[in-house]
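Next come the structures, one after another.
Two complexes, one shared chain (chain A), two partners (chain B, chain C).
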Partner chain A sequence: MELFKLTLASIITRKTFVIFGVLLLALPFVLPLMTPWESKPSLLEPARAQAAWSLLWMAALSWLLFQGATIGDRWSSHGILEYFKTLGVSKRKQMGQLWLSCFTVFAGFALITFVISTFTALPGDPIEARHWIITNLQYLLLFLLVVSPLLVLAISLGTRLNGAAAYAITISLALYGLFGIGQLEVFLADNKHTVLNVLYVISPHYHLSDLTSRLVFKLGAIPMAQMGQISAYLGGLAIITVGISYPLYREGK
Partner chain B sequence: MNKLIRPILCSALMLAGLASMSFGYRSLDTANNLATDRNPLALQRSAYGRLLARLSESTVDRVWHLGVEQVVPHTHDDHDDHDDHGHDDHGHDDHGHDDHGHDDHGHDDHGHAHDAPVPANTASVDTAHDDHGHDDHGHDDHGHAHDAPAPENTASVDTAHDEHCDSAHCDHDDHGHDDHGHDDHGHGPELSTMDQLKEWYNGMRVVKYTRTNPYALSERHLATVSRELEGMLLRSYKMDPGHYGVYNSYHLFLTLHKYGGTDQKREYAKEVANATIAEILNENEDPEPWLTAASAATNLYQLEIETHMVKGTPVPIEILKEYRGKIGYCLNRFDELQAIAEENGTWANLSQERQYEIATRQRFARGIFEPFDVMIARAEERAAEPAKIEAEVADILDSIE
Partner chain C sequence: MNSTTQEPSISIPKGLTIGYRSRRLGGQKEINLAETDEKIHLSAGRHLLLARNGRGKTTLLKTVARIIPSLKGEINCEGIVQFVDEDLRFDSELKPKQIFSALFKNGQRQFAMEMAESIELDVEKPYGKLSKGNRQKVGLIVAESRTHNNGPQVLLLDEPFSGLDFAAREKVDAIWRENQDNIVRLVCVHPDEPTLQADSAIIIREGRLEQLEVNGSLDWMETKLSLN
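Up next, the complex of A and B:
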């Protein structure tokens, strides 16, 4: 686990995670106060959960993926990965340790969000409260199913390309899966074009993991059958992403 | 052996991933659960959506002034918005193309667009409206500034605009575009250094937006600006369908021929009004959206009676009763929720300006609603008249016999 310790120490020394940590802690309480809540105080609590999850998405897309891409690039360029290879740390283990080092810090972010969203915006009604907690757990699971493999991809691309290019590719894929597919659906609404339809089918439907609407509008937890289907889809997509990332990873440039 | 097992294992894993993904995709697609809700991070209709709808007002306002009225957008509304944390819509309203502007036109211009005679009930609505002092921001008035031949200079456009902007709150008149505005504000000895600096920035902003092109925008260009404004208003409407100013401004752009409204869009305007009411039906806390619902119901009424206005036929009593019920329900809900808000202290959270603004809108809505009883009484009288005449004729015939 030497590579893990080295990478984690590097992340902690750089301290940029502190900025995101503070923002994740403070903004969910500040941002709702900027909304027109005066005439409708019940807006505050859902707005807090919404801010917490939106900020976590932003932290994942900006901090986490960038960390993965730059660390992959840096360690590969500086020969660190080749050094660990000579020590007998396999490619698979290297990927795992790099992923874990970035994810350890990010797990703290996810925990902050989960706690703020679940316990500072919990509805008073016991049935609603139960749904609220389950929805938050479901959201956390689906969120991690999307973000974790993207981090592996960012690291692998970083070891092969430079950090900026690796980050650009990964964030483009993430943004497309989260927001771009909605735009593609608009085209497909009155268009039977085969290429576009194939593109839609093979696109990563990351938007399925965005359960913010379920929290903000108190829609309740996703039924278990549908949750299983979404998890199967995103889990399968995660395996494929990791599978593609593996051959992309290389120890030296 | 190990070398052989590893690729097989990897391939098996990938196949398992693909199978799992396919299963999930197919199940979700079959149950129509795959499509996005087109509302990433639940921005639309959330608290942040409401905030964005309010903030968009100053952008819409600026584009309106630059593109349609072709005058320098005044900058005081920015301060207003800022001071009130973006929660009020003074800046936008004051220019008349928002809810007030809509109110001015919502009734008159439908008539003009079809060259229809204005029936008595419409006049009464307009009178009610005028009583509330919103009659001085007519778009027709502003409109002819760009209908006229190209202005010789910017000042002439501004003068044309100023002549018609006789409202006390149309601040941009005071800016004096020739001297870039800051002279009008900056010479007061009582201004602090901070205020003077702010005024200087204001002046520079006026310079930035001052039109020096001697020609006015072409009709096609104006149409493009109108479409852009409509798009901006649609985005704001999606953010907060219950926002009074945004809904009414959007309705204005959908229904007025001058701003690109077509018969098809008027049908769409009905759907928008119904969607607005449906959205607000679940509102049990904030009273203000119920005024938007009342306004949407009034707009539906206006669109419904258009054909009668064109033909000059009386409005059927069923329509009058239906909309009296709908508008009355919305206003009653507003009263109920406002009373609750006053009781639990929520109403006191609003600034005095906001309370005044909401009260003004409520009075305006009441002003439109009140004539319904009279109109229904007249319609009932009209319906009873033939029977009365028949009875009189029968009496006369009886007496002759």
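Up next, the complex of A and C:
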């Protein structure tokens, strides 16, 4: 686990995570106060959950993926990965250790968000509260199913390309999966287009993991059968993404 | 490779060819850099690798470390292999002390700190602010510390002295003398660095990889002239 410890030491020393940590802790409480909440105070708590999860998405898309891309780039161009290769640390283990080092810090972010969203916005009604907790747990699971493989992809692309290009590709894919597909869906509702229809089907539907509106509008937890289907789909997508990332990973440039 | 048998060694068979394969439209092209006429066997001790620029010194080290494949034949290593590239760089924000803490535990970490003190490396200064020579010291310490109480070792060092002053070289030389059991050190050095003692030398000249028995000291002038 030396590569993990070396990378974690690098992340901690650079301290950029502190900025995101502070934002994640403070903004969910500050941002809702900037809305006209006085007219309807009951909106304050869902707005807090919305702010917390939105900030976590921002941290994932900016800090986490950028860390992965730059660490992959830095370590491969500085000879560190080749050094560990000579020590017998396989490509698979290297990828795992780099992923874990970035994810260890990010897990703290996810935990902060989960705690703020779950416990500082918990509805008073026991049935609603139960749904609220389950929805947050479901959200956390689906969120991690999307973000984790994207981090692996960012690392692998970073080892092959440069950090900026690796980050640009990964964030483009993430944004397309989260928001672009929605635009495509709107277009296809009014137009018949075979190629775009195929593109829609094979696209990564990351938006399925975004349960923010379900929390804000208190729609309750996703039924178990549906949750199973979404998890299986995103899990399959994760396997494909990691499968693509593996041959892209290079120890040296 | 990376096995932990009794004696560390590097065996380079007769007919081994090192070089590169470049992929081009319509097929692969092989660029041969050097080939062995005789079998080369390196056992525990210090072995220098000498050649002029671009003759395949780093390629040979990378081939031994299995970072790149040989074009023909296969090198066999017994022991834990480490390749420390001349260009190996750590995170510019990390201090050497943090690097050693991340990479080593207890005995090896203590060895690293003692070696740092011995060769006058400031372990509290960020890596990015160290001079070229001091950065090379970090790489050398990492390599040497890992060999400490760790079984048979094969250490491949690519021009580790190019940025070091004479005092640091002498101290490293002394550390190597103190810690020479169970370690094969194959050290790539520039032909203009006549300061090191050695058990043998591998030279690359006219596309041939040869081993010279030097019995402790090398006739540097003669070797240098023979490389031209």
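In this text, the second predicted complex is superposed on the first by the 253 of 253 C-alpha atoms of A that agree within 3 Å, B and C clash if a C-alpha of one lies under 4 Å from a C-alpha of the other, contacts with A are read in each partner's own complex, and residues count from 1 in each chain.
Note that a contact is a pair of C-beta atoms (placed from the backbone, for glycine too) under 8 Å apart; a residue touches a chain by one contact, two chains touch by 3 or more.
Treat the numbers as computed from the prediction; the structure is a model and nothing was measured.
S.K.: Contact-wise, after the overlay, does A:243 reach chain B, chain C, both or neither (first, second, both, neither)?
M.R.: In the superposition, A:243 contacts chain B only.
S.K.: For A:230, using the defined touch cut-off, is the partner it touches chain B, chain C, both, or neither? Pick first, second, both or neither.
M.R.: First partner only.
S.K.: Which partner does A:79 contact after superposing on A: first (chain B), second (chain C), both, neither?
M.R.: Touch partner of A:79: chain C, not chain B.
S.K.: Pick one for A:114: touches chain B only (first), chain C only (second), both, or neither.
M.R.: After superposition on chain A, A:114 lies in contact with neither partner.
S.K.: So, does A:132 touch the first partner chain B, the second partner chain C, both, or neither?
M.R.: neither
S.K.: If you tally the residues of chain A touched by each partner, is the higher count for chain B or for chain C?
M.R.: B
S.K.: For A:63, using the defined touch cut-off, is the partner it touches chain B, chain C, both, or neither? Pick first, second, both or neither.
M.R.: Neither partner.
S.K.: Provide the residue numbers of chain A that touch chain B in the complex, in ascending order.
M.R.: 31-32, 34-44, 46-47, 50-51, 53-54, 57, 178-179, 181-182, 185, 201, 205, 207-208, 210, 212-213, 215-217, 226, 229-240, 243, 246
S.K.: For the complex, give me every residue of chain A touching chain C.
M.R.: Contact set of chain A toward chain C: 2, 5-6, 8-10, 13-14, 74, 78-80, 82-83, 85-88, 251-252.
S.K.: Provide the residue numbers of chain B that touch chain A in the complex, in ascending order.
M.R.: Result: residues 10, 13-14, 16-25, 27-28, 31, 33-42, 45-48, 50-51, 54, 85-87, 285-288, 341, 346-347, 349-350 of chain B touch chain A.
S.K.: Flag every residue of chain C that touches chain A in the complex, lowest number first.
M.R.: Residues of chain C touching chain A: 1-2, 62, 65-67, 80-85, 87-91, 93-94, 98-99, 101-103, 146, 156.
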